[in-house]
């Protein structure tokens, strides 16, 4: 057990400390009746868990949790509570008993079962020894991607990711159906007025500089995905953040003329179409659905210059390379466009907007 | 498709076709009713030819469909079924004739719906009569129930709807909660529900379990109106007279007791029945029903209600016949099925005729009416005597056979109950006619007729026909019994 | 046993990839519908995609008829590394059912949307509908536990919003949709937790693979927890009593198209997945799974069949009545499964089919007339039978099937259920079914009496015959209920092979 | 002692999950319910990630696996070696749960967005986000009249 002990000194301490922080945060959220506080604490919760995820060797997840939890979720939540009562009604103690019982009972079962799991960090546990290990062995050989997570995400379990992209798209559809397409947005919705003074030159200039950089970063994250952490999803969110920032500073109307809601919806749909289209192309070229190995017919494969991705010596998997490239692109489209659509929906419905109509 | 299958198909198709056609030509009453009559005659002809083939020992058989693996929608004629089919179709004819007179005489509303449902009911009745297994029988049993619901609620007022609710609740309720499980039980134990002489279950089941199944089937068949599942029948009295005739004579209750006879003869078989203690208990319940029903009938002043209770009693006769340990009971029951039907339909059509003419419904209002409409009251007397079981009328034979059967199997209680109730029925049926024929009381002259012309001819003619039938059947009883003998087959 | 030769008209290439195209078709259709220029196009796309899916489902069934089990490794990676579809008779049957209902729902949508949803939203509405369809088809086809979760969510996320759209007619749709979302998400998350424990215990996500590795460690606590959470999670999605609280309002206030589609397919897919885990991943013969079947599933099914029928009896609003009866009918299906004999499961699956057909028809008929009179309660519908004879006749047929009257499919499935219970010597189940049939008789009787034997209050809005666009799919549904009521060999064959697949699949 | 430590991580994560679940069930405010739901889902993710941790491991990003050496290495692997040192001497954590949770997070945020969208509509229709008040308003609307406001 010496290995575990030495490990305990270093990481486990940090690990447990972070978890303790999370517990405290959760408790705080449960206690507070101020919705704004709850939302902000929620963002903090995401950030802390992101840090914890890094400690757990899951940079991709950490990255995602950060952009989603601290970014998108918070924005959407804020959009939802604009001009509502900031206080939640007090719930009497009597009302807490049943939920507490449910939670305790469920938790007890979980703990009871969890104590039966192999000890934390055990490399020989079934979870770590079987399929997961195999991925580590074969992923880079099969796909040529250094980031095994990306390889599994986009290739081995690419179908899950298609589903995931579809879910995002579905969410966009859902929000657009429920809230409309932001057609009720005001010229300069109160949403921004709150965030900035209306004609804050410094901010505008800063934004003008910032937005391209953010977009650039998004594309870096996008194309760096198969080498390091990152990928279509994170990139998509960041790109959307650029648009949202634009809206915050220059007003929703202006943004909507630049990025039309209909355009956003179309791109979202196109993303999913691109993804599944790749799958169909693989079928047409004689493979299975999403079987990137058959993305290109042999003759096309032959025409690709060996040095295309630098490192001429390396044996290449063009199919896998481009397959992953294209589907990540599809994810980018859908995620970015959907996030924008969702933002339009909420911002357009924000009472500030209505007031001006 | 051989001729036998064709016959069965026709027997089912004709009522259906009539229902559709009548619905289509509902606008033209004359066409509508001519159609019905023609169909009746056609159906009678078919029933006769089926009966003849049964008599010749080559009964029509048709396996129409196989809804589930090992479950068939099958038809197979045998003496009881042939008799029931013949009786039902014949009485349908008479009753339709009467309906024309009655409905027109009363200017009833929704006459088209009436005729459509009537035809559908016949479809159900024919299916029940020809069913080759319990499954099929159940299917058409339910068709019969639901097609008669609109007839019972014909008036459409709240009272009628309440009656309809009781009607459905009891009939369908029992059939779904008791009869269906019972049938499926038979299917599971015997592997089939086909009616076979000597009994499907014979030798496949312990008497104890068989007793449970028997109870399920007997009480599940609420149409047989064995107490305590009888209360729907008095409730259904709100319906117009032709419907009552249908319920009491042509199809509904007869389908009930018919089911019991079939179950006794072809599912359990006389041998098994005679071994079951439960059959004994049920016999006692039937005896109780006979007596109680007659006593209640005595005290009813509303004529239709009185007849209804008398029906409950008479049905219990047939139920007893089905449960008697002697297979002779089956023959007697079959005969009683016929004779009581003829007698009862006469009585109800008389009531209808009296009502159309004078609007009188209570026995106490009828004194002296007979002087104005002697024929109707005469027929009433005839039918009353036949139902009571006096010569020279058909009812006498069936009662005689029933009594001999119960004596023969030492069922003294049943026998006693039958005798008592016969006496009682003499007191609650015959006097109605006699009082009617007496000179009107000086102090209370009978109310003026609401229909000066008296009952319309179309309402009287059928009464005469069936009354004559009561007489004729007295002389044909031997042929009928002879025809029915095979039913008791497979018995020692 | 069932011959699908005719389907081999399809080009072989298509048949080979039918399993995945079955899902990809509606999915891409959804994108196309979202891009559609106007309502009419969206509708045509929706119909086309549904028909394509149904065609693919037939091809898959044909393949299963030929091979027994169809495996399709997606991305060319064999499981457990890759995700694979594994389609046996049960999956094929569910695929056929869902896609068939989808086609009819799509046909119906043309009219329903025009009446109930704002024009500019039709494209997205159809997209949501197709996404739900794709998700459900994915759930019944996939052989990968986590992939099943993803498809459950694909099917759900969109429908939450679609239910909320009922708010244009009755704002109560909004709380209903929100509640539906909370409960649905908790269910899905429980399912994920359960899958997590199974993964921790076995190290794989492929169901068949999990099954083989579970054989050795069936008594581990982790597996037990996994079992419990999967059951509760799917129970929530399947509206298994007492986890059904979200269903009645969601079905009652959603746009009629959604009520039609969800009531016929969504809970059914969850039940399918539940059965899949109960019988093919876990070992129903072994310890806790068996105990669960006998002491939890059966009693809950029985309680649902009784209690929810009672609720339906005392419910004034017609659509809520139907919703409660749905929960009760789920109880029947679970009872059938809990018998765990070939007969019982086959009966349960048959009843599942029957219930989909009848409920779809019932909601469709109500939608057809209620569109015009904004009717909800029995009183509002009084006399509709006279004003809209054709629509209501179909309603009556489906209602008869719900009551289990002879010559309808519902009667035969009830027959088989009782038969299975008797053969398994479980008399109490017979009693339960009998009792709840009696209740069904009462509440359906109330409906029919109001529709056909009552006259509308003077001055009340009168129903009018539903347009052809509604009558055609409606009568197809009613007709199938009658056809299967006279000759159920097709559904019974499917159900039998489905039950065999469940019982025979374990290593 | 060490047994407890070995599982403390799981226990803590379970506590987090149940915290989320508790918030969902206990709070009458719809926004807070959504927050609770989000916490519940996130924590479920943390549970998966805990499963994937390997003592002394690092993120599953191959050290120049694309290069010749990496390829060769990957080609001539034998499991015993890997069990001891992991791939090319480095111990990696298990990538599979990471992938699953990436998906789960996305699903979570989608749910959040739709849920909040419905909540916004609720606020517009009922003027409140408190479950009790909404229920009360519904009780007022007579059941017979179908259409809402």
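Per-chain residue numbering starts at 1, and chain names A, B, C and D are given in the order in which the chains are listed.
Note that a residue touches a chain if its C-beta (ideal position, glycine included) is under 8 Å from a C-beta of that chain, and two chains touch if they have at least 3 such contacts.
Fair warning: this is a prediction, and the values are worked out from it, not measured in the lab.
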item: Chain centroid nearest the full-protein CA centroid; value: C
item: Centre-of-Cα separation between chain D and chain C, whole angstrom; value: 28
item: Distance between the centres, which are taken as Cα means, of chain C and chain A, whole angstrom; value: 32
item: Chain B and chain C: spacing of chain centres that average the CA atoms, whole Å; value: 45
item: Separation of mean Cα positions, chain D and chain A [Å, integer]; value: 12
item: Shared-contact residues (touching 2 or more other chains) in chain D; value: 17, 21, 24, 51, 96-97, 100, 103, 107, 110-111, 114, 117-119, 121
item: Two or more partner chains touched - positions in chain C; value: 146, 150, 153, 157, 160-161, 164, 193, 199-200, 205
item: In chain B, residues with contacts to at least two other chains; value: none
item: Graph class of chain-chain contacts, one of line, ring, star, complete, other; value: other
item: Every chain pair meeting the contact rule; value: A-C, A-D, B-C, C-D
item: Chain C partner contacts - residues on chain A that touch it in the complex; value: 109-110, 112-118, 125-132, 134-135, 138, 142, 155-160, 162-164, 166-167, 169-171, 173-178, 265-266, 268-270, 272-273, 276-277, 279-280, 283, 287-294
item: Residues of chain C touching chain A in the complex; value: 13, 17, 20-21, 24, 27-28, 30-32, 34-35, 72-77, 80-83, 121, 124-125, 127-128, 131, 134-135, 138, 146-147, 150-151, 153-154, 157-158, 160-162, 164-165, 193, 197, 199-205, 213, 220-222, 224-226, 228
item: Chain C - residues contacting chain B, complex; value: 404-407, 412, 414-416, 418-419, 422-423, 430, 434-435, 437-438, 441-442, 445, 449, 453, 485-489, 492
item: Residue numbers on chain D that touch chain A, as the complex places them; value: 2-3, 5-29, 31-32, 34-36, 38-39, 42-43, 45-46, 49-68, 70-71, 74-75, 77, 82-83, 86-87, 91-103, 105-114, 116-121, 123-124, 128-130, 132-133
item: Touching residues on chain B, where the partner in the complex is chain C; value: 65-69, 71, 73, 138-140, 142-143, 146, 150, 153, 156, 161, 164-165, 168-169, 172-173, 176-178, 180-181, 184-185, 187-188
